[in-house]
Structure formats: C-alpha cells, structure tokens
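Same chain, two partners: subunit A is paired with subunit B first, then with subunit C.
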Partner chain A sequence: MNILITVQDHSVAPRFDQATEVLIATGEAGRLDGQVRTIILPHRSAEDLSDLIVKEDIDCLVCGGIEDSFYRFFKWKKIRVYDGVIGAHAEALSLVLSGELRPGMVLDSARAGV
Partner chain B sequence: MTGVRVLISGGEAEFTGLLVDRLRSWGYEAAAASDADEALAMQATVQPEVAILSMQGRPTHALELMRLLHAADPALKVILLLGRGAAIAGVRGMEQGAVDCLPLPLDLGTLIDSIRKVRGNSQSIASDDFES
Partner chain C sequence: MPNVSPVIFADIVLPDLLDAIPHPVVVVDRNLRVVAVNSRLEALTGLGQDDACGLYVDSVLRSSIGGRGRIFREVLESGRARVVEGDILGRDRRRLTMQFTLAPLHGQSDEPAGLVITLDDLSIRGAGADQDSGSADAIIGQSAKMQKVFDLIPLMARTEASVLITGETGTGKDKIAEAIHQRSSRAGKPFIKINCGALPESLLESELFGYVKGAFTGAVKDKPGMFRLAQGGTLFLTEIGDMPLPLQVKLLSVLDDQEFFPLGGEKKVQVDVRIIAATHRPLKDRVAAGLFREDLFYRLNVLHLHLPPLRERDSDTRFLVNHFLRTFAARTSGQTRTFSFAALEVLMAYPFPGNIRELRNIVEYCVNICPEREIDVEHLPSSLLGRAPQPGAAAAEISRPAEGVSPSQPNATAAVDWLTIERELIVNTLTLTRGNRSRAAVILGWGRTTLWRKLKQHGLTPETGNKGGSA
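What follows is the complex of A and B.
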C-alpha cells in the first residue's frame, strides 16, 4: 500500500491545497517497506499535488481539510482518503499502517500539543 | 557527510525556505538567495561548494546565473531543478556545466544522493535512517 501524507511543520497539513511538502511511504500490517520519501513541491497547488498522487500510484491519502471536488476525484480513482486528520505526521503514518486511522481523527500528539 | 555549504536560488521563497530547513536537518550548511543578484553576492560570503538552481518559470535565468557563478568559481557543482517543460533547458544546462538535473516536485532523498555523488561520497541515503 502506497501512502501519501501532506505535511506542514511535522504535522499533517491542515489544508490539502496549502501543502508544499508530502511524505510517501509503502507498507501495511504495521510495517514500513523501505524508506519514507520526502517530496517538496515548488509551490502550493492542489492540482499539482493531485498529479503527484496519481503519478506515484498512491492507494491511501492522509490529509487535513480537502476541497470536495478533489475528495470526489480521489474516491473515483479508488484512493482511500483519510481527511480531517489532526496531529503529528509520524503518528498518522503509524496509525494508517496499523489500520487504526480514521477520517477526522484528532491524534494523541495533537491533544498533547506535540 | 555534514557541513557541505549549499546555496539555493530560484523558485518561490516558501520552497527555498523549506529546502534550507530540510537540508540543515541533514547537516548541510544551506542558505537561500531570493534572486540572482543576491546569489552572486552570497557566493563571496557563503562560498558554496554546491549550488541548487531552480529552473521553474524562467530556465534561461538559471542558466545565466550558473554561468556567472562558474565564472567566479569554476569548481562549483551546480544541480538544476527542472520544472514542467524545462527538459530542453535542462539538457542545455548539463552541456554548460551542471552536474545533475532533478525534476520538480523534488524528492529530498534524491537531492541528497545527488549532493553526495557530486561531492565524491556515493553512499546512498537508503542506508541512512529516515529523518522527519
């Protein structure tokens, strides 16, 4: 499973269309396969980010708020979208790998102010 | 490998700022210039070993900047970042002395591997621990 997390300051980026950094990881059943890649976008663009998601053959997107048209596009592309996630990207990655992440989830790291 | 001096120029300030932060987290002495004039001024103070020039938007400006940087320091290693539709300009850049061309969006691991390669250290980032 290929996972993409939109990132801002070590947390899940609060808005999909404002993210300029993403993490791409592969893994499942609680395990990572290989390295986590950091991708830096040259500017803020939901369109370019969507192109990247399709090009990288992403199966699972973790993000904050996302515009409905993009949400529907990813659903149409059969990409699982965990939107509205609040908290540290490392915790989000761990939870999505273990199958425990849910849309709209406020992670422990956010509650603790980490 | 730490302490390699890297100068970044071209692209939006948010992009160059983020790239500086990430390279510093990997131990590089990274600095960003907001335009070509500042890049040339910073060359004297920063004395970069590697320059990363974005060709996003205005590829010929990056090539001209590379020429001027090389005039002051022929040993400077230049890595070009190619935006959409800049492939031909990238080839021209390699012909004019760039050591590598990388596509945008930028894979940070690929960039670090490229810096290590041009600095003569071929150890891949894949052998390092992931840093967030």
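What follows is the complex of A and C.
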C-alpha cells in the first residue's frame, strides 16, 4: 500500500491545498517496506498535489482539511482518504500502517508539550 | 488547560462569555495553543472545547492565513490588533471566505497573554449575491453589467481610497456602498450614512462635524458628529452633489488632513474614516456649472462605480420581479403569486425610470390589490397601463436614451411620469382603503410619515386638495 501524508514541520499539514511537503511510504500490516521519501513541492497547489498523488499511484492519503471536490476526486479514484487528522506525521504513519487511523482523529502527539 | 492568565481564562466564565459572541471565536495562548473555542467555532470546524483545547491553532482553524503562525506571532509581538481576510475549510470540507480579527489579550504583565481570534463569514454576505436568496439585503443581478459591478466590489473593498458611486435614483447605490464597507477591513466598524441633500447647510455641518457645548444657542452638550461616530469605519455621503459649497471646502480639508475642528471647538479632532460618496447627479456638469468644487470631485472620484439603470440590466427585471413576489407573498398571505404572461409583457416593456424602487413598489401594489393567485394586466397600476406602449415600440424606446440627457440622470419625461405614477398609485390605494391612510401606508410599504409627505407633495392633503381643487 502506497501512503502519502501532507506534512508541515513534524505534523500533518493542517490543509491539503497549503501543503508544500509530502511523505511517501509503502507498507502494510504495521511495517514499512523500504524508505520513506520526502518531496518538497515547488509551490502550494492542490491541483499539482493531486497530479502527484495519481502519478505516484497512491492508495492512501493522510491529510488535514481538504476541499470536497478533491476529496470526492480521490474517492472516485479509489484512494482511501484520512482527512482532518491532527498530530505528528510519524504517529499518523504508524497508525495508518496498523490500520488504526480514522478520519478526523486527534493524535496523542497533537497535544505533546502542552 | 494551560495556565495563561487567571484574569482572562477563568474557565468557569470563559465558555459562556464566548458563546454570547455571535461569531466563531477562538482564544489561544502565547504558544498559539487553543485555550477556548465557542460553540459557533465548533459548528464551523467540528472541534469542540474538549477536542480543540491544547491544539495548535492552525490545526483547528485550517485557515489560509496561518503561514506557520507568522501573522499570529506578529500580533503577539506588536500588541496591536489586526484584521485579515482569508478562508478556512469547514467541517463539511467547504472553503469559506472569512475575515479574521486578531486581538491581543493582556493579562497581568505588559506582554499579551494570548490572542482572541474572531471570525466573520464573508461568504454569506450580500455583496456577491449570485443567487436570489430572498434576503432584503442581497444585491440581485445576473446581467453582464451587474456582474461587472460585483467584480469591482471586492477590489474596491481592498483599498482605502474614496469611492464615488453614481447611478439613477433607485439603482441601489446605498446597498453597494454598504457591501463595499462590509467586505473591507473596516467591516467590524461603523458604517454611517448621511444624506447631504436632506439637511440645511448649518444642520448638515453640525451633523457631520459635531459641535462643542455652547457653540451656539441650544448646544447644551457636546455632539460628536458623524465623522467621529464613524471612527475606524466608513462614512457614506449620499446625494453628495447636493452638498452646499461652503461645506464642500470643509469636507475636502478633512479628506486631505484627516482632522477637523468641531463647530465652536478649539481643538482639532483626528479621524480615520473612509469616505464613500454617491449621487444621482452628473457631478462633472455640476463642476462645470460652479455648483461643485472640482478639487473635491477629483478627491472623491478616486474609484468610480456606475450602477446601470434597470432598463439596461437585461434579464434582471424578471429576476427582481420574482424576488419581490416571493418577498411580499411571505409578508402577506404567504400564498405564492405569479404574473400572467400578458402582465409580465407589460412589465418587461416598461422602462422603470424609478428603477428597482419603482419595480418593488409596483409588485407590492399588485400583490396587495390582486385577490387572485395570478396577477393579470388589470391588476397593474392604471398609470402603468395608460403609459405602457406596445411591447415592440417599448423595446425601441428603452434602447434609445433620451437626447441631450446624461445617461446617469433619469430623463425629464421619465421623472414626470414617475410622479404621475406615484400620484395614481397613492390615489388608487387610498380608494381601495376607503381613505384609510394607515392601511394605505401599509399597502404601499411606506411609513405613515412618508405617505403624509408624499400626499403633501402631490397636493393630496385635505387642505391643499380643497384649495387646489384638481391638484
């Protein structure tokens, strides 16, 4: 399963269309296959990011807020979307691999340091 | 909950306090972590107090203004409030245009203890109303000319420059002015309208600039004046073309210096007010005639917006007819009304010199006069029928502006016709109510005072009627 997470610093980016960085990982059943790749995008663009997701043959998208038109597009493309996720991208990746991630989930790491 | 300041974050009171604010509100600490949200913000984002508390503000708001918290930190560091426009993604994945007011919260120390962020949903406001919302505040228009106007509103809202709105009477200059204000960064501040043509010079001066106690007989206490009341907001000067020349000088001085002396005052008052002016008169002609100062004209005419008359707005007439039908049906019996094809044809062929105001009054008249579900030609005001030419001829008349008349001014014939129509409308309504003025005022959609004023204007009061005979 190919997973893409939109990131901002160490967290899942609050908005899909504002993200300038993504993590791409492959894995299943709680473990990663190979390296996690980081891609820095040249600019903020939901359109370009959608193209990248399709081009990279992504099966699962983890992001913060996403506009409905893009959400529906990914659903139509049979891409699983976990949107509204708040917290560290490492924790999100771990949870998606173990099958425990849910849309709109506020992760433990989101309140870390408070 | 982080202990930010015991003064502002007394957690027993804070949620109730925030819920009383009719806007989505979020309070954050110095680390930009959420301390409290109100129920309106919860409705918007889907994150309630328990979910949002302790989270980084960007994650909760999902706004376009975040920029990794740069703008929030700027407000914290400067201690000065800011208003910015952006958008958020709501819980239903919709993008909503918002105005964010970021205000520092001061606790015991000099440095701000946090921020209160208030959101104002701009997407629900009337300015860009591209649908018939049924709201009285919505500006309705689908025609290309009105679309151009709608396109200009956000551009004009973004600047601080003066705006001059021109257009015939009844074209909606007031609504456009308010829409510009509501979409500007001054939206949360006052929008004050003053009619420069309705008051005598001395009264207008005191209304605009205020006076100090003892400035003249009767000035028993200080009066702030419209400029001071509009501080931080917008002052809308309607019928600016009718402003007396001496006051034009004073207005120009205020526009240049942003300060003035109130009547009888010795201390200058500084103001931060944006000016939007409107007139149905051709100001250039008035400048040429020496009735309007040229320098003030250029000072006001930085941004110019001309509203097209209804007869140039293509399909908008039909759209507005439907809108007013629904509005008045809801106010009266609630029964849905329609115009017959023949009645619509007469309406569509009519040039509406009084523009939308006239159309509104005609529809209201018909809704009240017609007992049937379908309003037919016979229910239209008789003056309209008497005047309305054949559809083909009317189209030719509509497309041909009156010779020698400025397009921004209603032509003389039309003005005379409108007065005739109005007079007949009043007479017909009073006949219907058997002379009961209160009921007639309700039917006409006017206040009793307005009806009285118009009765006098048309010589229909008992005294003038007796004197004038056929007045």
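Everything below uses one rule, namely that the second predicted complex is superposed on the first by the 112 of 114 C-alpha atoms of A that agree within 3 Å, B and C clash if a C-alpha of one lies under 4 Å from a C-alpha of the other, contacts with A are read in each partner's own complex, and residues count from 1 in each chain.
Please note the rule applied: contacts are C-beta pairs under 8 Å (C-beta built on N, C-alpha and C of every residue); 3 or more make two chains touch, one makes a residue touch a chain.
Only a predicted model underlies this, so the values are computations on that prediction, with no experimental measurement involved.
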item: Superposition on subunit A - do subunit B and subunit C clash or fit; value: fit
item: Which superposed partner A:Q35 touches (first subunit B, second subunit C, both, neither); value: first
item: First (subunit B), second (subunit C), both or neither touched by A:R15; value: second
item: Which of subunit B and subunit C A:E91 touches, first, second, both or neither; value: neither
item: Smallest separation in angstrom, by C-alpha atoms, between subunit B and subunit C in the superposition; value: 10
item: Where subunit A meets both subunit C and subunit B, residue numbers; value: none
item: Subunit C to subunit A touching residues, read off their complex; value: 2, 33, 46-47, 51, 54-56, 58-64, 66, 68, 88-89, 92-95
item: Subunit C-touching residues of subunit A, taken from the complex the two chains share; value: 8-9, 11, 14-15, 18, 64-68, 71, 83-84, 86, 104, 106, 110-111, 114
item: Parts of subunit A lying in touch with subunit B, wherever the complex brings them together; value: 10, 20-21, 23, 34-44, 48, 52, 89-90
item: Residue ranges of subunit B touching subunit A (in the complex, touch as defined); value: 11-12, 14-15, 18-19, 22, 54, 56, 81, 83, 104-109, 125-126, 130, 132
